[in-house]
């Protein structure tokens, strides 16, 4: 295992976040069992105090998760020099079977934690903690996932033995390699490009409808989630080509590097923000009829919908600009 | 109802004033925090700068070096290989290199002696690296005494001392003419120490190396990328070792921070009780604690980083440079080029601010959830 | 304005040192009147004050507030009033901040900061802009004649000046009610009378005042519309004049 300081930092922070979230989950169980808002007993007051601890912990955990997501990718990128055949993060992640699962789990955990914080925010606006049980149920889902992520990350880093031959992103993401990476890259742009723009349009329209009419929260949320996946796939399939100006370079990580102006950060940040906000709209929808939330919840949902649409449109604007100014043109365009 | 921005501004204001009100406690925390950041940052900057130097230097190195192995040990390469290797597709230039090590008993140091194949150094002259010049206290025009392989003295005049900028690469280098080299070392004609090979397309280096190894049994081609990788690994490993050792320091720091955070004086507890009794809710006190922590973290982080920057780039990491550079009599004396980036700062953040913040969450919560009507009873 | 029904408050329940400070108290505090809680120490006056002032939740029983506007409740809730006993701390505190101003026995001012900062503290979490808060505070300090001490640390003030600072702080968010716990305990007669004058001024402005005191200068003063007697956590005389 490499003792690169960044690796140590990532492992230490992953352990810390796991410990924090597990602790929070543990107390969440006690809360679910004994909660009674109408009692003024000391037990109840103690439980209400505990919820402050849990939400504070999760707030910090979310920030750490987001930072460590980017640090993880950047470290994988930095480590590529140690592995023959690896040209960027994609190669490092492919060294052993843990790399990509860790990345996917990190993204999933980030989105779940974001949704948790949205639910928590709405819960605090209701005068009787209306969503307390929901919150802790979600936490019960999130905690083991975070723990799993830490275990996988340990597995990944301890399995990194330098000089192991791996495939660089060129062969990993080239069309003729089997596997999901290859499949994404080989999707013909004549299909993916219109699907991408169509899903952005669908998101905008359903978002607008929801904003104006207050109905169709689930639809919007589903469309937003689909757009996240479509946009990510599009990034690999054809968008990144405009940044690299090469028809065969399909790697999603190289755009984070300095030679491309770190453009990747803005793109991924906007996609993640869109994903969390869109998911939040759907997550809140089942609770619209709770008495204490009636006044609050639709306002929050509307704001989230606006954020989601704006973020996806920002992403679209950035990549469209790039597609227009780049001297690269997709085959015969 | 006012705006959340104002609320935070007010709370931040109070946080700063309460930090100042508890000078002793906060200054000791700040100093320890800064020391931890300083140690970690010095380490990270130093390792990164060394790696960067190494890779910059290796840029000028040949794409591949071909050695000949006999019974697992390096042997002289027949110069005739050069022509045959040159004929391989993809190879652009092959240069036989003559070099070796010379041990000077008077000064107890090892020099790398190299024949300048292109005739730049005249017979009886020598061009030396600045480390050698320092070691023997010689200047251009002085004589240097060498002993040949059969203990005959060989006097050479110093023609030039290599500039300071070449320290890292050529500190211990002694360049002489081919003739003098052969006199020194009894190197038979038609042989070289190794062959420097340039490849037209760098991506093909691996293929060319494989061809050479196939065509010339007993040869060992070493690629530049392999050297780079090995250096990266060594520096990472050494850096990581030190981080692990510093881990003990970070851990003590966390315990110290926890202790400071939980050990609220009676005065501080009373103050929080008062705040809660006059209308601050738990979340407000939590924000107060957050801003206090952020203020301390930010100032300690910036100070630690600034001090580390000066330490590494102006004083060449005097405090622990030796552990990382390795042991030697002849140290290259070089100033590292300042090169820090957001990535290093992010790693630093994760190793210092993150653990501190995590350690203070619980004590901050404990303080913030104090009962307000206790204040009524004091 | 505030209605308590069968309110009980116990501490350390289930443990050997369980202690009930307030037992089954039912009481109505009328708006715009001065109510005095009278009784020896340990009678539960302080606990009752903290329950009335929404600083603590009752172990059992209900507390209703009338005539108080709360932004999170539907319009029209002020009339019949609403139950605060089950409210989470966040909401209870936001109501308390806007509705009640507290004056403590020991004044409880923060040492090391100035008078003006002390008085502004309750306004910090409301997110009010600093300039408007500052102007109001200076007006209050002026009203109580301590404007010249605005920038002094509280350690440098006399007893009477501290008292007036504490009162100014209680008034900073323009509350409907003032709650004072043994306000004259550390004051001489002259300052105690001064305090009661201020109470009179507040009453004439329409504020509700609730004071806990065993000082005859307070409960015997003509200003007290009602005196409630307490002993061992029970109300022995509700002082109802009707």
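All chains are identified by letter, namely A, B and C, in their written order; residue positions are counted from 1 within each chain.
Following the convention adopted for this analysis, a residue touches a chain if its C-beta (ideal position, glycine included) is under 8 Å from a C-beta of that chain, and two chains touch if they have at least 3 such contacts.
Predicted model, so just to flag it, every value in this text is computed and none were measured.
Chemist: Using the contact definition stated above, find the chains touching both chain B and chain C.
Modeler: The shared contacts of chain B and chain C, listed by label, come to A.
Chemist: So which has more C-beta pairs touching, A-C or A-B?
Modeler: Between the chain pairs A-B and A-C, A-B carries more contacts.
Chemist: Would you kindly say which chain has the C-alpha centre located farthest from the C-alpha centre of chain C?
Modeler: B
Chemist: List the centre-to-centre spacing of chain B and chain C in whole Å, with centres computed as mean CA coordinates.
Modeler: Chain centres of chain B and chain C, defined by C-alpha means, are spaced 63 Å apart.
Chemist: Counting only Cα atoms for the centres, state how far chain A is from chain B in Å.
Modeler: About 34 Å separates the centre of chain A from that of chain B.
Chemist: Centroid of chain A to centroid of chain C, CA atoms only: how many Å?
Modeler: Each chain's C-alpha centroid was found; their separation is 49 Å.
Chemist: Listing for chain B: what residues touch at least two other chains?
Modeler: 282-283, in rising order.
Chemist: Indicate the residues of chain C shared as contacts by at least two other chains.
Modeler: 89-90
Chemist: What does chain C use to touch chain A in their complex?
Modeler: Per the stated touch rule, the residues are 11-13, 57-60, 72-74, 85-91.
Chemist: In the complex formed with chain B, which residues of chain A make contact?
Modeler: Residues in contact with chain B: 2-10, 12-13, 16, 20, 49, 52-53, 56-57, 60, 64, 67-68, 70-71, 74, 78, 81-82, 84, 162-163.
Chemist: So in the complex, the part of chain A that touches chain C is made up of which residues?
Modeler: 37-38, 40-42, 45, 48, 124-125, 127-129, 292, 295
Chemist: Chain B touches which residues of chain C in the complex?
Modeler: 46-47, 49-50, 55-56, 71, 89-90, 93-94, 96-97, 102, 104-106, 108-113, 117, 121-130, 169, 173, 181
Chemist: Considering only the defined contacts, which chain B positions touch chain C in the complex?
Modeler: 1-7, 9-11, 13-14, 17, 21, 267, 270-271, 273-275, 277-284, 371-373, 375-378
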